[in-house]
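Here is the structure we will look at.
Chains here go by letter, A, B and C, matching the order in which they are written, and residues are numbered from 1 within each.
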Amino acid sequence: MNSFGTFVQLVVDGLAQGSIYAALALAIVLVHQATGLINFAQGGMAVLGSYIGMTVGNLVVPVNLILGVLVGVIVAVAASFAIGAFIERFVMRRFQGGEEDTKVVATIGLLTLITGAIGMIWGFNFIPYPFFFNTSTSFTVAGIAISLWSLTTFLTIVALMAVLQLLFTKTKMGLGLRAVADNPGSSALSGIRVGRMLMVGWGLAAALGTIAGILLAAKAQLNPGNFDAILVYALAAVIIGGLSSPIGAVVAALGIAVLENLAGTFLPWIGHDLKIAVPFVLLFVILLLRPQGLFGRKSVVRV
Amino acid sequence: MGSRLILEGVNLSFGGVHVLEDVGFEVAAGSVFGLVGPNGAGKTSLFNCISGHYRPSSGSIRIDDAEVFGLAPGKLAGHGLARTFQHPALQLEATVLENVLLGGHTRLPGSAAEWALRLPRTVRAERELRAEALDTLDRVGLRWAANDAADELSHGLHKSIELARALMLHPGLLLLDEPAAGLSHGEVEHFISTVKSLRSEGMTVVIVEHNMSVISQVTDRVVILDHGKKLMEGTAAEAQADPRVIEAYLGAPDAA
Amino acid sequence: MNGLRNLVDRPWARWALGAVIAIILLVLPLSATEFTNQTITRIAVFAVAVLGLNIVMGYTGQVSLGHIFFVGVGAYCAIIPIRALWGGSIAEGAIVIGFALAIIIPGIVGLIVALAAVRLRGLALAMITIALPIIGVPIAKRFSDITGGNEGVSVRRLDYVASDGQTYKGNPFSAPAWSGLADDQWQYYLVMIIAAALFGLAFFLVRGKYGRAFAIVKANESVAASMGISPYRYKVLAFTIASMYGGAAGFLYIVALQYTSSETLSFGHSIELVIATIVGGAGSIVGSILGGAVYVLVPQITNAISPESTTVVQGIVILLVLFLLPGGLASLPRVLARRFRRARGGHNVDSSNSTEPAIENTENTKH
């Protein structure tokens, strides 16, 4: 294949991989906008949701593959929504108004607990995830091989973002979520049930993460540590895109993935193993030039 | 000798809301100056502009002959400015003395390595600073509480701790935000005598205060702010007699 | 209980307690088993690592999730020169070079990371430092010709030329003949002496000028700036010192184990170190020692019972501590004393300043 073909293929694969980073980054921004904290357990929660989906899905798969996968996805999304809401209500709310570093450590504790629980229940080995189609399938367009998984993943995540956008701008619940994110105090005064909104925010973020988790598992199989590195990419995207900008985070996530894919292939010294360092070199340069991120606003210093 | 403070045409707005409009006045070196006005008049916002915590949209702020408009708070300490906060920002679990020592930070010599090795010059500097901090606590009437945790003291006394901490910066210009709120009668008397003694040493002091009795006892001049604008300037007695001031306070007539 | 608390509050009692513990630690290795000695040695190694993390996280309030990276880098910086230089003309000098590099290089790396990461306020430092171990492991594997990659690098059996001109196999950290000690005892004392010195330096650092500055940067950056204390500078300083402590812990790790691999700086260990710091007690010297013990002992105990449960147990422990004992194990005596006092009816709160009348705040001057 010519190098242009390779280039296009790398970009498409990068966009697919990047949409997984983007989904997690978006989940992190969602939680941050609602509660002001960074949920370091977001990736762990996504993996937990995927394991639940696999377990339930595998009960039905022997009867019908498509139905089984579908049931798995639905159960996984519902379960992770419930887990997200539960964690907000019964764990994180205890730390509301507390110190920032305590909240961070609490989410680190959650990550450890969730990863450990997955390991105890399902073990630490890679487990294949049943999916609608064979994820190594690809089709050829104008001489360029495009992976079906990449296309599916990219389109699914884009569609989800559109749905979220509609939810936030067109529905009453979305308006409530945004109001809570802007100003929890006055939202409470205007009759919005802040607690419930926070639970919904966490639930949505967890569900979004889980869909990304399933898409990843379909290709790379399931493992408790599946999202450790992806969390790092998502955090880099969130910093580069600016914590206050969902669009910025998504664009940054896609950009990071495409860039690292290209760098990993065209710069032999970087290769597959060191490409994770690419976003961080980028990040350091950006931090030194534009500390508020590329899209974020400069925050006002509080007294 | 204290510093002179000159404000000219200071404007501040947040998202289109004008908090301060064209505020200007001059505080003579070595004088005590009052900033008075109803709640929400913009007094604390003006303090935050002077101390660099807010960045005004336009205007000029000079300390002596140096333009300090838009400088960060850390730089203003270098221009001899010290301030207290309306809601005292102390380390509540630390002792009163430790809180006050913080004000002398920039005068302590030595690198982190020297302090970790506890070289004699750091020990000496620390001992001298402690002695000075105790004297300063004496000045604000809190020496007895030096080794108590700050959270064991009342809110009113937290303001006195902040005052002591600010004095440790050896300021030429001292901004006090509602220093007498929450103090008992005896503590107010002590506060008044402290300000008078600072004035006699030539320090410039700017006070935001609701208690007009305190204002009339310690200030040389006052500015009345209302809705972010300067209403009048003069002595405290002139202000209290001014019909515009009385009108501005109509919602709360007993405040003036 | 109250009596006990009063006792602990007296300076001489604290010194006495410290002296007793010091004597026990001094005598213990002479009679304890090799396993016990090695365990205590490892606790001291990781107590230094936790102490470093405490300087930046506990005292300065900046969450670093990648501290183990500096331990791992320090371990490599120690073992690589020792392996290359030990024996021959410079002999023990190689160990000194290894020690110096293990502090200097992580310090420089930490400085560079902090200069960029601290520019963002809030949690950016946590978000960036979590990447360090995740990037560090593949980098270590890439340079496997000097780091040994997955297999790691060991100095347990190094070739050296003795004075008789013959080549022998030796371990730079085995006990010299003059000491009359077994290897585990020698390593124990070497680690303990260095760890004690590092704890002493930190003890002085977190008091006085720098301790107060770190504390106000943690509590209120705006006030810090008003005092002429640049939050940026002090955060960078704290992170750099923490990195140097991490590197020193890496050197001690080599003294204790004479081996390191890319596993040393893995993501999981980094999280464990954060957990150990909080469980031990953030912002506390004693808490750092307890944190070292938590880091070493919790996996040791859970491995003995059920190896799969290690991670879950750590997760449960950290959440329980955050819920019930936010000050960590180091705050336990204080919390118990307060509970006990409250249970007894709350009198006898503090008699130290009872000569002063209570300040009544009935008169409100703000009419």
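Going forward, a contact is a pair of C-beta atoms (placed from the backbone, for glycine too) under 8 Å apart; a residue touches a chain by one contact, two chains touch by 3 or more.
These numbers come from a predicted model, not from an experiment.
Most remote chain with respect to chain B, judged by CA-atom centres, is A. Overall, the chain located most centrally, as judged by its C-alpha mean against the mean of all protein C-alpha atoms, is C. Taking the mean of the C-alpha atoms as each chain's centre, chain A and chain B sit 48 Å apart. Averaged C-alpha coordinates put the centre of chain A at 33 Å from the centre of chain C. With each centre defined as the average position of its C-alpha atoms, the distance from chain B to chain C rounds to 41 Å. Contact with two or more other chains is made by residues 222 of chain C.
Under the contact definition stated at the top, the residues of chain B that touch 2 or more other chains are 53, 85. Listed for chain A are residues 301, 303, each touching two or more other chains.
Interface residues of chain A, counted against chain C in their complex, comprise 37-38, 40, 91, 94-95, 99-102, 104-106, 108-117, 119-120, 225, 228-229, 231-232, 235-236, 238-239, 271, 273-274, 276-277, 280, 283-284, 287-288, 291-293, 299, 301-303. On the side of chain C, the complex with chain A involves touching residues 57, 61-63, 65, 115-117, 119-124, 126-128, 130-131, 134-135, 138-139, 141-142, 222, 267, 271, 274-275, 278, 282, 308-316, 318-319, 322-323, 326. Interface of chain C with chain B (complex): residues 201-202, 204-205, 208-210, 212-213, 215-216, 219-220, 222-223, 225-230, 237, 241, 350, 352-353, 356, 359-367.
Interface of chain B with chain C (complex): residues 51-53, 72-74, 76-78, 82-83, 85, 89, 91, 94, 98, 101-103, 105-106, 108, 110, 112, 115-118, 122, 125-126, 144-145, 147-148, 152-157, 165, 169, 178, 180-185, 187-188, 210-211, 214, 254-255.
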